[in-house]
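I have placed the structure first, in the form of structure tokens, so that the comments after it can refer back to it.
For clarity, chains are labelled A, B and C in written order, and residue numbers in each chain start from 1.
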Amino acid sequence: MKGRRADKTASAVFWILGITVVVILGFIIIEIFARGLLTALNPKFIFGKPEAIKNGGGVFPMIVSTLYLVALSLIISLPISIGAAIYLSEYARKGKVTGFIRFCLDTLATLPSIVFGLFGLALFVVYFQWSYCLMAGAFTLAILNLPILLRGTEQAMNLVPDTYREASMSLGASKWTTIRQVVVPSAMPGIITATILPIGRIVGESAAIIYTTGLFIRNIPVNPFDTAAPLAGYVWYAQTEGQGDYLRVVNGGAALLLIMVLVIYFLARYLGRKYQEKRLLGG
Amino acid sequence: MSANDNKMDINNLSMFYGDFKAIEDISLDIPAQRITALIGPSGCGKSTLVRCLNRMNDLINGVRVEGEVILDGENMYAPGYDTIALRRRVGMVFQRPNPFPKSIYENVAYGPKLGGIKKKGELDAIVEDSLKKAALWSEVKQNLQESGQRLSGGQQQRLCIARVIAVEPEVILFDEPCSAIDPVATQLIEDLMAELKRNYTMVIVTHNMQQAARVSDYTAFLLVQEQGEPGRLIEYGETNTIFTNPEDERTERYITGRFG
Amino acid sequence: MSEGPGISPAATMRAMVTGDRDRWVKLLMFCCASVSFLGVLLIFLFIFRESLPAITKVGIPKLFLSTDWRPASGHYGMLAFTFGTLFTTVAAMIIAAPLGIGAAVFIDQVAPEKVGRGVRRVIELLAGIPSVVIGWFALTLLVPFIRSVTGSSGFGMLAASLVLVVMSLPTITTLSAESLRAVPVELKEASAAMGATRWQSIYKILMPSAREGLIIAVVLGMGRAIGETMAVQMVIGNASQATASLLQPGSTLTTRIVQDMGEASGVFRSALFAQALMLLLLSVFLIISIRLISRERKHA
């Protein structure tokens, strides 16, 4: 039967496509780890300081820069995201204003990260005269992550059943009290899960941070207005300069980044699963 | 029944969703410290009516009300009336139990905390007292920190009743409180309501006629005559009379099960 | 216990205070939501501001519509790079669109549940891999491979396009899978009940129903490809002339910026900002296209 044969061919094609995707990922992980896993796990690499001329040494200041950047950026973007999510899910009515806000969010979501980088350079580094520093990067990334974080936060709030809001208001609570004491706390697990994707984004981002945070430092950044060199940007920089034992640094750095991403990914799955359980039990 | 015995007077109350009239020209007495039941087929407006009594319908966009609801001599629909204070005096128990995703303790303490009570000793006393009045204390006193949502359906509903009691209301509205609960738990709650009558005025919406007959002192029968029409009050009186010797033939037909 | 009746002055004031507080809160939350508008506005303003010197000194035709890129002598025509961006993006989509949609069909329809879930997880993981890591992978594996097969240097438009395939694949697959899942089950069941084979159902019913979502998935994948920087820059060869040859090195708007920004100053720097402005315009164009597609569906 012609239909049956076409069906089998089609099935085979789709299986090949599905497997291709897995193979691509497999190649990437295997290649990067084969070249750099040993370096990445070497304590001297993780905790050592970089060498400027030889382009070797360790990447400890870079790791600290990345973590510091994540923390700062979240401190800036979480309150704004939660506020915006509260507005969109609890106060806003469908209309031109909300539609316009969503258009702005869509635009932000589609902009290339290098445009954010140049923007951050023009505004924070030059115009505000902060120079290359963590704060410039943190603010730039906060705007970059706003659409993603907002989507997850808003979804978390929309999932809070209306009946909780009703119960609260029927007890004589005002709308704001209801939001503050019932809606947001109920949505908190979902909000936390929603931060994972932005964290991954910050760890992997390079184009937006090399023009705002910095490319190379020797010592750990302490002050938020210190120059810093997050790992992803440094790996790119080392590869571009191509001097000394850059191969070791790039291999190790890439593997280290991959490890960080994997950890974040599995953490997200774990948190997501716990949150699902809690919702199903509690709903 | 003199006007002084009424906790609430409903006078010519109509409610609109936009252009659609949901209930029309309802006038009803809610006697103090008695249970008044609202019965009628699905969609007759009984839930709509009861939600007018604590202005919960205000939360829906495009809702408009005509007429009055008088609580202790004041019209709650007068301009400038404090709806937040109103809801502390007129509490509500919903169809599906809806405890917050918090501990049992925090659920019951929520209302008092809104009222400004902060001292742990005071809150502890209120929580214990409310849970006792809701006939739930003995079952949960060891586990006050556990999530309220882990209780069974019937227990959750009693938790919601305790939550309302903690605010020290004068009136408690029940919107089909047992429709999502098993018969054994339902019996418990009906017994509870008979106890609560001593201290609270209660209005209960129910589609279960036997429940209305068992539990209430006064009954109001509502009906939508034809599709598209608003719900209207057909008959109102002492429960005994309504169920044994109704005046209106439509009431009689509903009670004997010939429709709806 | 009960405070006085509702219209006493104290109660009215409390109602007013609560009402006022609600209004302040609403305003504050609105400000948070407006950050999105503020962000877009500031980005546009500052990028434009920095491009202005180049626009005024070089002029729009010579800046946007010329392929003459010789910064040393004051020529800043970016057309070659605009072309590079579009060329690599389209080339990438030729592979990524069928691959991504096909993988989505696989996940949603063909694969047994556990396998489907596994592939979905793989896609999610792929989405999170940093650009520099993919770029490094391409540099160490892909470029030598192309070199050995074709005898060219390995760097160039082909390598860049393949990198873009990998980077846009998760977007296309995820959004396509969502669109497929959104097709009502009744449609799929009705088709099966009529005796259609699985492939016939997919081809004739499922995909057309999801068509709008699939198109949007590809358009957003293009957006991702247009904006990619690091991974592409590492393998494209960074030449400054336009080329339609897959094996020749070239540049895109993004790679040119990152390649030259470190050394640039004055008008040169401003010309690079103008390229960022071009990218901004391309993004807005994509968003409007998506809105138009969605609106068309609603009227259909």
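General remarks:
Quick note on the criterion: a contact is a pair of C-beta atoms (placed from the backbone, for glycine too) under 8 Å apart; a residue touches a chain by one contact, two chains touch by 3 or more.
Note that the structure is a prediction, hence the values are computed from the model and not measured.
If subunit C is disregarded, contact among the remaining chains keeps them all in one piece.
Of all chains present, the one whose mean CA position sits nearest the global mean of protein CA atoms is A. Using the mean of the Cα atoms as each chain's centre, the chain most removed from subunit B is C. Set side by side, A-B and A-C show the greater C-beta contact count at A-C.
Look at where the CA atoms of subunit B average out and do the same for subunit C: the two points lie 53 Å apart. Centre-to-centre, using mean CA coordinates, subunit A is 48 Å away from subunit B.
Separating the centre of subunit A from that of subunit C, both taken as means of CA atoms, is a distance of 16 Å.
Within subunit B, contacts with two or more other chains are made by residues 84-86.
Taken residue by residue, subunit C touches two or more other chains at 18, whereas all remaining positions touch fewer. Each of the following residues of subunit A touches two or more other chains: 174. Within the complex, the subunit A residues that touch subunit B are 93, 161, 163-164, 166-174, 177, 181-182, 185-186, 281-283.
Within the complex formed with subunit C, the subunit A residues making contact are 3-4, 6-7, 10-11, 13-15, 17-18, 20-22, 24-25, 27-28, 31-32, 35, 79-84, 86-88, 90-92, 100-101, 103-108, 110-116, 118-119, 122-123, 127, 143, 146-147, 150, 174-176, 179, 200, 203-207, 210-211, 232, 235-236, 239, 250-251, 254, 257-258, 261-262, 264-265, 269. Those residues of subunit C that touch subunit A in the shared complex are 18, 21-22, 25-26, 28-37, 39-40, 42-43, 46-47, 49-50, 98-99, 102-103, 105-107, 109-111, 115, 118-119, 121-126, 128-137, 139-141, 166, 169, 173, 197-200, 202-203, 220, 223, 226-230, 234, 254, 257-258, 261, 272-273, 276, 279-280, 283-284, 286-287, 290-291.
On the subunit B side of its complex with subunit A, the touching residues are 54, 56, 59, 61, 84-88, 91-92, 94, 96, 98-102, 110-111, 114-115, 147, 149-150, 160, 163-164, 167.
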